[in-house]
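Order as written gives the chain letters A, B and C; numbering starts at 1 within each chain.
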Amino acid sequence: MKSKTEHLWFHTKKRWEILDITREVERIVRESGVQEGLCLVNAMHITASVFINDSEPGLHEDQLAWAEQLAPHGKPYRHHQTGEDNGDAHLKRNLMGREVVVAVTNGKLDFGPWERIHYGEFDGQRKKRVLVKVIGE
Amino acid sequence: MKSKTEHLWFHTKKRWEILDITREVERIVRESGVQEGLCLVNAMHITASVFINDSEPGLHEDQLAWAEQLAPHGKPYRHHQTGEDNGDAHLKRNLMGREVVVAVTNGKLDFGPWERIHYGEFDGQRKKRVLVKVIGE
Amino acid sequence: MKSKTEHLWFHTKKRWEILDITREVERIVRESGVQEGLCLVNAMHITASVFINDSEPGLHEDQLAWAEQLAPHGKPYRHHQTGEDNGDAHLKRNLMGREVVVAVTNGKLDFGPWERIHYGEFDGQRKKRVLVKVIGE
């Protein structure tokens, strides 16, 4: 069994932002030499998400507006009694998910026509990590 | 390490529909010969979901109504500026998830009593695929 | 390839409750002997979730209140025509997710600084199981 682990770092300019990170993941899969296996991609922070959807800027705005509508910023969350102000970001992460697992087939991410891997940042403007792990043969 | 990859095709009659696809996945696991491993099942399209829940028709109606309530069809999503009309379907997919990973133990899906794998279609009436990948020994 | 499978049992005192189960999962990973691989942790019941987020009691209250707001208990769900009264719990589970897949690196869960694995119970006060499966080398 082969495996490869790598961390990707992101530092978004805005507090809320969605980035297409597919090419970085494709590079890691290529470098892993795995032909048949699984690729895990997960946020290592609990106020960010990794998810697969269309890489379309209008949709990214829709996703951020939708997450804000369902888990608004600035509400009196109990989590804020710890001194934090990012209760909304923890809930947005629950909504959008932590991770994706992608099949690796013939050495490549086995994707449908529009699948792209995204990093969803809900409390950004600082350095945060994504883990990529490929296992297989 | 063994692995098996197969695509399942679905063409729903309705635009919104939930299908129980457990038996197809069980067949693929059986054919893979894997005794101990993991089985990934994911939608290959970004307006559909794969998730595990109860296979009960009333619940399926509840899930579709709930997704419609949280991400309504026909709103002026920014994604529609591309000419699409399915912004709601992309958000419903974020809500319900892209994939499941199921343990394979003693050659079978290692399920609790009511776990069933479902395909959730949010923009159907056309051919769409689900990927099943089994890895293990 | 090595693998290890274990079931964890939970019996919550309250109907809705969130438990930090990280230490039990860490023990299973240690006992598996796997150095490089993947660890799947999933609810085996369809009215419970496994997810990763901050282990902070205020946030847990926020998460339960948020799930109740988006999928309220006591509404006339169609699922209740079967005699059940837990339609909300099935939807809360869809919201919060069934499973997490965590990288195992150098024999340990490869976590960011605040990642903790939680069991989210939405219809408790009875015995329910979580499956942990570790595969790798």
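Throughout what follows, a contact is a pair of C-beta atoms (placed from the backbone, for glycine too) under 8 Å apart; a residue touches a chain by one contact, two chains touch by 3 or more.
Quantities reported herein were computed from a predicted structural model and do not represent experimental measurements.
Undergrad: Give a one-word verdict, same or different, on whether chain B and chain C use largely identical residue numbers at their interface, taking over half shared as same.
TA: Both copies, chain B as well as chain C, present different residues to each other, with under half of the numbers appearing on both sides.
Undergrad: Enter the angle, 0 to 180° in steps of 5, of the rotation superposing CA atoms of chain A on those of chain B.
TA: Superposing chain A on chain B takes a rotation of 120 degrees, nearest 5.
Undergrad: Just give me the whole-number Å value for how far the CA centre of chain B lies from that of chain C.
TA: 20
Undergrad: Can you list every residue of chain B that touches 2 or more other chains, as numbers and ranges?
TA: Touching at least two other chains: 1, 38, 70, 95, 97, 101.
Undergrad: Can you tell me which positions in chain B touch chain A when the two form their complex?
TA: Where chain B meets chain A, its residues are 1, 3, 5, 38, 40, 42-46, 70-71, 77-82, 87, 90-91, 93-95, 97-99, 101, 129, 131, 133, 135.
Undergrad: Write out the stretch or stretches of chain A touching chain B in their complex.
TA: Checking each residue of chain A against chain B gives 1, 36-38, 51-54, 56, 58-59, 61-63, 66, 70, 95-97, 100-103, 105, 110-115, 136-137.
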